[in-house]
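In the two complexes that follow, chain A is the common piece, with chain B as its partner first and chain C second.
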Partner chain A sequence: MKKYTLTALLLAAAGFAGTAAQADKLDDIISSGKLRCAVVLDFPPMGMRDENNEPIGFDVDYCNDLAAALGVEAEIVETPFPERIPALMSNRVDVGVASTSDTLERAKTVGFSIPYFAFEMVVTAAEGTDITSFESMKGHTVGAVAGTYEAIALEEYVNEWGDGSEFRPYQTQADVFLALAQGQLDATVSTSTVAQANVKSGNFGGIEVVASAPFDIDYVGLFAKRDEYGFLNYLDLFVNQQIRTGRYDELYEKWVGGDVPSLTVPGAYR
Partner chain B sequence: MFDTALSANDLVFLAKGAGITIVVTAISVVIGTILGIIFGVIRVQLGAVLSAPLTLFLDIFRSVPLLIQLVLANAFVGMVLQLQLSGFFVACMVLSLYTSAYCAEIVRGGIDAVPTVTRRAARSLGMSWGQDMRYIVMPLATRVALPSWIGLALGVMKDSALVYVVQVTELLKSTQILITRLQEPLFLLLICGAFYFIISFPLARFGGYLEKRWSND
Partner chain C sequence: MFDYTFQWKQALARLPKMLDGAVITMEVAIISMLLGILFAILLTMFRQTKSRPLNAIATTWIEIARNTPALFQIYMAHFGVASFGIHFSPFTSLLIGITFNNAGYLAENFRGALKAIPDTQARAGQSLGMSPVQSFRYIVLPQMLRISFLPMTNQMVWAILMTSLGVTVGMNSDLYGVTQDLNALTFRTFELFAIAGVIFYIITKVITLSARLIAARLFRY
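And then the complex of A and B:
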């Protein structure tokens, strides 16, 4: 009995697969009238929830913009970080708008659009210090969250600088900004979104984002099934249009604030 | 001394989650019980050898963790069948079959508990198989099976917390959403536990009441 059920299911599956190959993803989305986006909702300010527990954030707005461009309704599907790509592969979402770094390893599984956002490392300094750039941190006491990429890189710089420079590791991001506000630290390096959120929160007085740090920039792209060229092509143009029309700047100002990071890599196409 | 950012709005949000938990549980327990009775009777009637394929099928549902069943069923529906079923539908489907697998065992145990001599006596009085099942086996077996069935229903209600993996925002998932936003895990889990208690307590008491009433006749 089980065997027959399985055979019937496989036959049915073959039938469905046959019909599904006719129209591509872009057609499917438009005809279904619904765009399902994978969004990470515990990653402020990219994705979070408001006081009514409705999804908000940069990625949520970006998904809504994409749906509006396609003329369909957006559906936000909450996916934790490790669930983003499985959700796409099991056809629970059409596109990932989930701050996903466009690594070559991931690109073996899914197709990425051109970058739609970039996480830069920035220098946040206490007011009253003469720190205006990354290099001017030389000779100062600096700190970061122990074990993070930026802490390891910063400590290397500090060891190289010598000359009164000191590095202090902290357990959490909040500890770092507290130390900065209390004058135990002169400056710190962190992700731009984190720095801006802490400056804006008003919990830490007398600190400001002063410059970007010369560390690797984390570019993130939208992603869809890698064989859906029509849809991926559309996503590339959509990201381009968001920047061209000033919508990207607008959303960056709304959710992050500060200098808008460039999404192009100097000296390279795409 | 005690300070929380939890608003009335959030309590309504939790209550909605609790509502989903109740609906998923109710659907799964009703369908699961009906299927369970059918499967249980088939197993008893056909005997061990003839019902072996069914037994194997039910054993799969009993031995594979529910979480894995949900993820696999959801992936199967999406990838192989290419159907866009809602997570709610998949959750009810899997949970119903899961319930039916356990319920079949309870039903089988209940029927086996009815003395063979009693059933033979019924048949020698000229009762048909249907009459024997309806008037002799059902009343006796139900009394034996009820406590386990109540236990199963309560268990399924708590197991329904796992359906969050197929994007169903039930009670536990609602709590997790609030924990992410408000960062008050212990307080919120306490409230979540209270909600679960409020839902399961009446069912447990109702089971106790039936047991008591039926044992006095």
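And then the complex of A and C:
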């Protein structure tokens, strides 16, 4: 008799363990009471630090909104661009709110939400160079932040241009603008928001935004593990609600200003 | 905990590019090593002389090279000197940084090796009519290089590994730079860096083993 009770208990325990293991990411976040977001804090105005060294920016607010919607506390985990995916895969973060371009190549590895922001790319050149357009960067040394959408696109162009054109990826946005101000780079391609913020900051002298870059609009999505459908669905709805409730416009006005870019592709679903 | 599906095919398809990167890595390490040895010999000689300025140069160089991070030295070789209007390409900056580091460490190795060679040998040479330089060149130097040969291979390994710091100065043609580029493109982080790690391991292993073989051939009595 005792034996049966023990077996029954073990089975029950195994049953509970079974259900526990089936809890998905969304359940894990809700029960842990904490949402850990990967945010790049070297990417104004999306992510940066204020005078008290506290993280601020569009992505930071977006993470806080998401945590509030889930009814949990937000935790900002700073991740440089190249370290976003390792942070997700090693379970240091639950979601990436890190201005991540949703390329098809990357979507083979991680799952993306619908776009929550869109960037336009511009060329910033050092004064005194003859660079006035995207095409006139041909034959010059240009750079961008390693691991970003614009770096990948720009490197392709540079390889195509050849003759004297050189591409240099630096680790941070600050290094790119430092190199540009020092004259090590002749021009860079970055998001218009970053370019404006850096030119205005006055930290780097002798640089100006000269033209827009002919890249496709850079849509960025939130990302999570590819197989966490429950969570990814939630993220899609969350992004939709942010736009529906006017919070997207509000945040855009707060951090960027100007015309709010459309997040839909004309003539296509999703 | 670590639920991730490895896609080795995706990463291995990029192996040729990574091997090209490995060649550049070897190139930087070998050139920086050869230059490092030359500078280290110079520094060692500077330290032997009674000239104050030469002593000071050698001491400063060795102190900075040994007591600051290699990352700092490479960063300075790029962004630091650029604030004085001197521009080096990422390749040159990396080469300068590693050479500087190599020379500092090797000079210390050489000094240790010198201590193991009795002064009386140099003096014996001079009593046979050699100039101080000649006795250093023909008697002391060969022994010094022999004694410090294995420590030198250590430094060579270190030089190979230091090339991975090149990404901080915009290098994207070396093994680590190539890997990082591919990572940005595909997000196949673990596979790519695991392959890079294996390549680094193989390179350094081949270097240490061949150094041991060379030592066994060169230095048998």
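What we mean here is this: the second predicted complex is superposed on the first by the 155 of 270 C-alpha atoms of A that agree within 3 Å, B and C clash if a C-alpha of one lies under 4 Å from a C-alpha of the other, contacts with A are read in each partner's own complex, and residues count from 1 in each chain.
Convention: contacts are C-beta pairs under 8 Å (C-beta built on N, C-alpha and C of every residue); 3 or more make two chains touch, one makes a residue touch a chain.
Computed from a predicted structure; not experimentally measured.
Comparing chain B with chain C, more residues of chain A are touched by C. Contacts of A:Lys225 after superposition: chain C is touched, whereas chain B is not reached. In the superposition on chain A, A:Val77 makes contact with chain B only, while chain C stays out of contact range.
In the superposed model, A:Met48 lies in contact with chain B only, and not with chain C. Looking at the shared chain after the overlay, A:Arg106 reaches chain C, while chain B stays out of its contact range.
When the two complexes are overlaid on their common chain A, residue A:Gln184 makes contact with chain C while staying clear of chain B.
When the two structures are aligned on the shared chain, A:Arg92 is found in touch with chain B, with no touch to chain C.
Overlap of the chain B and chain C interfaces on chain A: residues 86, 89-91.
Interface of chain C with chain A (complex): residues 1-4, 7, 10, 78-79, 82-83, 85, 87, 89-90, 167-170, 172, 177, 180-181, 183-190. By the touch criterion stated above, chain B contacts chain A in their complex at residues 7, 9-10, 13, 53-54, 56-57, 74-75, 78-84, 87, 167, 174, 177-178, 180-181.
Interface residues of chain A, counted against chain C in their complex, comprise 81-82, 85-86, 89-91, 105-106, 108-110, 143, 146-148, 151-152, 155, 166-171, 175, 178-179, 182-184, 225, 227. Across the complex, chain B is touched by residues 1-2, 9, 12-13, 16-17, 20, 32, 41-42, 48-49, 51-53, 77-78, 86, 89-92 of chain A.
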